[in-house]
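Below you'll find the structure I mean.
Chain naming follows the written order as A, B, C and D, and within any one chain the residues start at number 1.
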Amino acid sequence: MTCTSAYHDQLIEVRRHLHTMPEEGWSEFTTTAFVIGKLREYGYEVLTGTKVINPDNCLGRNPKVVEAGLAYARANGVSEELLAEMEGYTGCVGVLDTGRPGPTLAVRFDIDCVPVTESTEGDHLPAKEGFVSTRPGLMHACGHDAHTSTGLAVAHWFADNKDQMKGRIKILFQPAEEGVRGAAGMAASGVVDDADFFLSSHIAMMCKSGEMSINPYGFLCTTKLDVTYTGRPAHAGVEPNAGRNAMAAACNAFVQLLGIARHGSGMTRINVGQLNAGEGRNVIPSKAVMKMEVRGETGEINQYMYDSAVAIIKGCALAQGCEYTIEKMGEAVDLTNDPELVAVLKDAGEAVPGLKVCEEPMNFGGSEDATILARRVQAHGGKAAFFVLGSDRPSGHHTARFDIQEKDLDTGLAVWANVIGRILG
Amino acid sequence: MTCTSAYHDQLIEVRRHLHTMPEEGWSEFTTTAFVIGKLREYGYEVLTGTKVINPDNCLGRNPKVVEAGLAYARANGVSEELLAEMEGYTGCVGVLDTGRPGPTLAVRFDIDCVPVTESTEGDHLPAKEGFVSTRPGLMHACGHDAHTSTGLAVAHWFADNKDQMKGRIKILFQPAEEGVRGAAGMAASGVVDDADFFLSSHIAMMCKSGEMSINPYGFLCTTKLDVTYTGRPAHAGVEPNAGRNAMAAACNAFVQLLGIARHGSGMTRINVGQLNAGEGRNVIPSKAVMKMEVRGETGEINQYMYDSAVAIIKGCALAQGCEYTIEKMGEAVDLTNDPELVAVLKDAGEAVPGLKVCEEPMNFGGSEDATILARRVQAHGGKAAFFVLGSDRPSGHHTARFDIQEKDLDTGLAVWANVIGRILG
Amino acid sequence: MTCTSAYHDQLIEVRRHLHTMPEEGWSEFTTTAFVIGKLREYGYEVLTGTKVINPDNCLGRNPKVVEAGLAYARANGVSEELLAEMEGYTGCVGVLDTGRPGPTLAVRFDIDCVPVTESTEGDHLPAKEGFVSTRPGLMHACGHDAHTSTGLAVAHWFADNKDQMKGRIKILFQPAEEGVRGAAGMAASGVVDDADFFLSSHIAMMCKSGEMSINPYGFLCTTKLDVTYTGRPAHAGVEPNAGRNAMAAACNAFVQLLGIARHGSGMTRINVGQLNAGEGRNVIPSKAVMKMEVRGETGEINQYMYDSAVAIIKGCALAQGCEYTIEKMGEAVDLTNDPELVAVLKDAGEAVPGLKVCEEPMNFGGSEDATILARRVQAHGGKAAFFVLGSDRPSGHHTARFDIQEKDLDTGLAVWANVIGRILG
Amino acid sequence: MTCTSAYHDQLIEVRRHLHTMPEEGWSEFTTTAFVIGKLREYGYEVLTGTKVINPDNCLGRNPKVVEAGLAYARANGVSEELLAEMEGYTGCVGVLDTGRPGPTLAVRFDIDCVPVTESTEGDHLPAKEGFVSTRPGLMHACGHDAHTSTGLAVAHWFADNKDQMKGRIKILFQPAEEGVRGAAGMAASGVVDDADFFLSSHIAMMCKSGEMSINPYGFLCTTKLDVTYTGRPAHAGVEPNAGRNAMAAACNAFVQLLGIARHGSGMTRINVGQLNAGEGRNVIPSKAVMKMEVRGETGEINQYMYDSAVAIIKGCALAQGCEYTIEKMGEAVDLTNDPELVAVLKDAGEAVPGLKVCEEPMNFGGSEDATILARRVQAHGGKAAFFVLGSDRPSGHHTARFDIQEKDLDTGLAVWANVIGRILG
């Protein structure tokens, strides 16, 4: 097989290129075009548009952001033909069938950035080396540039070695992971329903450069919601009774939402992170919008929180004579790695010289929508796992000076190659 | 015609007798039996039970109070036959048809007492003269003993003079005026639906002995409600999520109820006077009861308050997953005296020597459920009015030392006789 | 005396000029410069800046709006010298002393516009005649252009006739009447403290062209407030307990504010017209801003509402561990015209041929901060009154097609001249 | 040493006697008198009254219950002299000094019953054997009769064997464990401040007959509170503004209390189990009482809940212009057994033939105020532990058919003797 070190330059070059041009969730048209081009170059069949995103399950997709992403893609010279193929939806899946009987393996990499303005200070490596973000307000500060670059290197390596492989690989480039939005639509497209195995990974969490963690736990189940109340305006002095006070619906919902009973079986969380309501000082407010989220230690507990919240939101609309809408903006679930794949990961990791495999359970302590895809595969009888690749970082995720150690990209690719070799080799 | 002064002794004697044996709303079996006896003695056809009270519209009728009233009646020797005739409902209507063509006049007197313990101090006239209440905790501290006594004297006088009259009189002895509960059921029985004229009166308000007020305004529309939320108990430590918190439904309803928007067209009021909720300290409360009321300057505004309250009560049940019931406990509406009857009252009052008729509008500033009957008559095309007979009182209504001037009873009867003479004479 | 009809052209010309260049409250630097120029031309001593505005009592003055107003003034060629004289505060007072013993009369005209985009339709007179607003989003849609024009015509006429007058006139050109913001600072400067008489007026309300109303009532007392809660952000998933939830303070304050008990003595109102709170979806909100107002039928009732609101705002800060600030953004009080001045207005109005003087009380039904100045004069022993000059308008106040009848400006000036002649003549 | 089996009859007899005469917390005068009599018989110095209960830290002591307990004691023939010694406070401590140098060991047994009516069905052993509760509504349904009986047997055994012992024993008979009320006052008396070791136990939880658990965890920290708001009544129709609405303070506090932010470091709970507020339907409520509790996984988290609750309670008083009081009604903390004593318990348990010692951590999952005493001893440098003695029970704690297996009393005494022998032997 081709040695993974042969892909070192590609890994760095692609990661740095993507780092300069970060794109927000659901606007990654230029990134997707770049990925499609590479996949086709490597000989992959590429699915995109509604073939990999079910529009009915598309969460948190802001039309203005989509428009801006399209404009950016056109400015970058992405062809109208390719844009038409995408049908307005970002992300794609590269499929390569070895022609030999064997399992189907789905691997997933996420491609979007976060709304952070990158540091341009001289000691921030991307600035020093000239691949800092060219888009103020947007930055690959969560390592998805590294994920995408790794995904393309995996694609390249697999294509180069496909004669020694069996079965089929599906390489998912998922949009809009931030806000846990993109996976639901990709899962609902059915693109992983035939997968026997599913794997995904995150970089630079929980462990250090030179380590990998194969038993993460504590993926928080969460649902993100936007709630809109619509009432009826009225002059607050002359005829307050004629109004339907949307702010009253929202504020009373808020106080009840925070008061949802704790759950006896595990951790719960609820937050309304934004509330904007009302028009003029002397007008009964006719509109109120809440951006909120619930969490639960398990899917069942998260569902309890969601159901309780919906009842309150409805009840307050009824109480105040207002209309309401609830829009699901994001969703992630919990995940327990299947032991079969944990064993594969252990074996594959230990085969990488100098890499320490951390077997002890480590608390992921956050949400990750790869879990949606993983659970979809498990629900269809497949096996799924998520692992974390350590990488020392100078600053936390989602901060202006976040960075990874590029040498760890080589380690990551080696792990992926070893894992794929053990499943499809 | 018989001079009304002939009834002086009767007026005093009956009033004092009733004063000794006050009965709460819906428990006035002994009083009703006494009234029925007198009416039949005077030659009236008497209707009672469900002929004059529609059980479906019976407000604020507490079964325990009814039971206690029946027991008291039996102890007082009221016959089982008469109790059977009453069918468990207090109040009655005496009807006397002159046999001569003419209008139907309905006049209404209320018969219940209030839950006040009467003063036994030597300078309190009923104590001094030996007709103080024999029932601690109950007292005719709102003058309904005087009303009932006047009603019987009116009945007597009319019977004595019926040969000089035409048409028909219906004399209503209404239960449960306190809490504005009794009129709704009496109105719903249809007993005043054939009345061409309706009149009622209160004593000792707004003006002094020797005066009467014929243009009272400001009858507050009000609805009294009992709201019960039923949830599901749960151990607050072990499994709080399993509960349905009735206290949460009630408290959140409370805060929204107080916040019902003011009305641009007039005064509104809302109060939750009692809230009792919960069981043990460490149990999610499964029951909550609120005793509340709304008011409005007009029937429309009161309805706005009621509708807004009901929406909130429902909405909070939905929000907290609880069941709810709303029981209407009392109701009064507003009233504008018909000018035709105001003119009759003025003329009748001025014909009473020494009586000053106050024509200027005077603010009644309270609720009175005679308005329900009056509005029912008006709705059927009849004319209605309410007047107030002045009487100096040593202490306010509903206080332990309330009293009236008995001499004013003669004046009152004279007014009634003059009014009836002008309508049916 | 000079006939007021001599000022017809000036009235129209000035009004139309001002109409083209509307300026929002506290930004009326170009307007003030224009007024100062005219007043000095007519021989008035002119006070401006902190001589007529007390910065400590300046309500609702947005620094950004002030900056934009200064920039607009510079673009319009207003001299730096004049801007320096204004000290950043708009509005001015012209003083003319006749040198003869006599009373001091203060008259007040307001100069700001409203944030409405004017209609450019051909049948809208300002559009048709070419004096439509040149500033989209801003329009003299409340008639203050007419007020200012009238004030300058009054100034001109008085200067022309000062030899026939005694005492002293102070002509106030008040900024920021919209939102009832400007009068408080002008009153606190003390500029009307020596006034024996105070008069002000509004155009195009309550009565028609050819009428004036001299007994308006129902000036609503109101206080406008901006409330800011500051808490502490925290990750809503990881450590919610570390936050101090400013949105919780605001929402709980909101529900309690709406629930402030009605007042037994008269109308109350409360509204929170805007609430903006929070940052990210998964961050405990650390900031919340409410724009609110209270009203009362009398000053005392408005004070009750204000005091109750402040207690709630404080209490919720304490309950949620947040800091708060309350900024008064506007204020108006009630007013009862002094009978002496009502008599003068009646006499003066009736002396204008063809003008009908409406003496019956008419409900103003809104707030007007001339009341602040009027009550200040009354508090110092002077007499005050407010009248309304009728003018047919094609569309309501604060709408895109609002307009007045320019011929009524002549009538208005005639009334003012007659009034001034009766007081200082 | 005397074999513990010699005390079998005493164990059964005392337990059954106490079972017939259950007494509620703070009313256990008859029980205390019985215990004192026995302790003195065995040669103990006995401390009672304020020597062992600090009145300032007495939680949840209802004067009416105390009075009823005194009356019951007098009816049972308890001498006035002994009652005087108790000073109105139940519970006592027996002290026996061996006269030989050695450590001080404090052991604690609780003596109160629960408000449950015992089953009289024939298959309920106490009914069948004739020692069922003679007091309807009261029952030893939590095993404290067994605890007290064990305590007296321990006292007897130790006195019989004191010549083979060193140091000093203090045997605490604590009142009012139910509602976690009694330990705080006993701890505050200082009676365990000189203890080098502290031990306590509960029967019939977590494990079966023939087992004991020496590593219980999950003692829930909790604080029980009664909150009273006092406002000012007013007629809800006539002058609602004159009221200070205590129900508004309570309901708004309630909604905020439920909304206290979850804690990132562990479980929290909050419940308002009872809320009673208001007087008449048309009166602004002037009084409101809430019975509530907070819990936390650790003392620090419970303190966070308590502090947050107090801030809310205060803030709502301020917001609504009401007075408030907070009365602490009960308190328990968490406990980690000291390893030294766990080792002693293991050794002592294993020395009892046929007893299985469960070493694995078992979740106590409730509150127990022995923790207050244990933590007091630890705070003074002593060691403390709590263990559970298994006993099969036909029905759960606090139910009408609760019972223990009396044979397990022998096992329990054997454990205690072994433990004491290892510490003081």
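As a convention for this text, a residue touches a chain if its C-beta (ideal position, glycine included) is under 8 Å from a C-beta of that chain, and two chains touch if they have at least 3 such contacts.
Remember, it's a predicted structure, so these values are computed and weren't measured experimentally.
Asker: Between A-D and C-D, which chain pair shares more contacting C-beta pairs?
Answerer: C-D is joined by more C-beta pairs in contact.
Asker: Please indicate which chain is farthest from subunit B, where distance is taken between mean Cα coordinates of the chains.
Answerer: The most remote chain is A.
Asker: How big is the gap, in whole Å, between where the Cα atoms of subunit C centre and where those of subunit D centre?
Answerer: Taking the average C-alpha coordinate of subunit C and of subunit D, the gap between them is 69 Å.
Asker: CA centre of subunit A versus CA centre of subunit D: separation in Å?
Answerer: Result: the chain centres lie 52 Å from each other.
Asker: If I count partner chains per residue in subunit A, which residues reach a count of at least 2?
Answerer: 238, 240, 245, 248, 252, 255-256, 258-259, 261-262, 269-270, 284, in rising order.
Asker: Going by the contact rule set out above, which residues of subunit A touch subunit B in the complex?
Answerer: Within the complex, subunit A touches subunit B at residues 238-243, 245, 248, 252-253, 255-256, 259, 261-265, 284, 304, 308, 311-312, 314-321.
Asker: What does subunit C use to touch subunit A in their complex?
Answerer: 179, 220, 222, 224, 236-238, 240, 245, 247-248, 250-252, 254-255, 258, 269-285, 288, 291-293, 295, 329, 365-367
Asker: Considering the complex alone, what residue numbers of subunit A touch subunit D?
Answerer: Against subunit D, subunit A makes touches at 255-256, 258-259, 261-262, 267-270.
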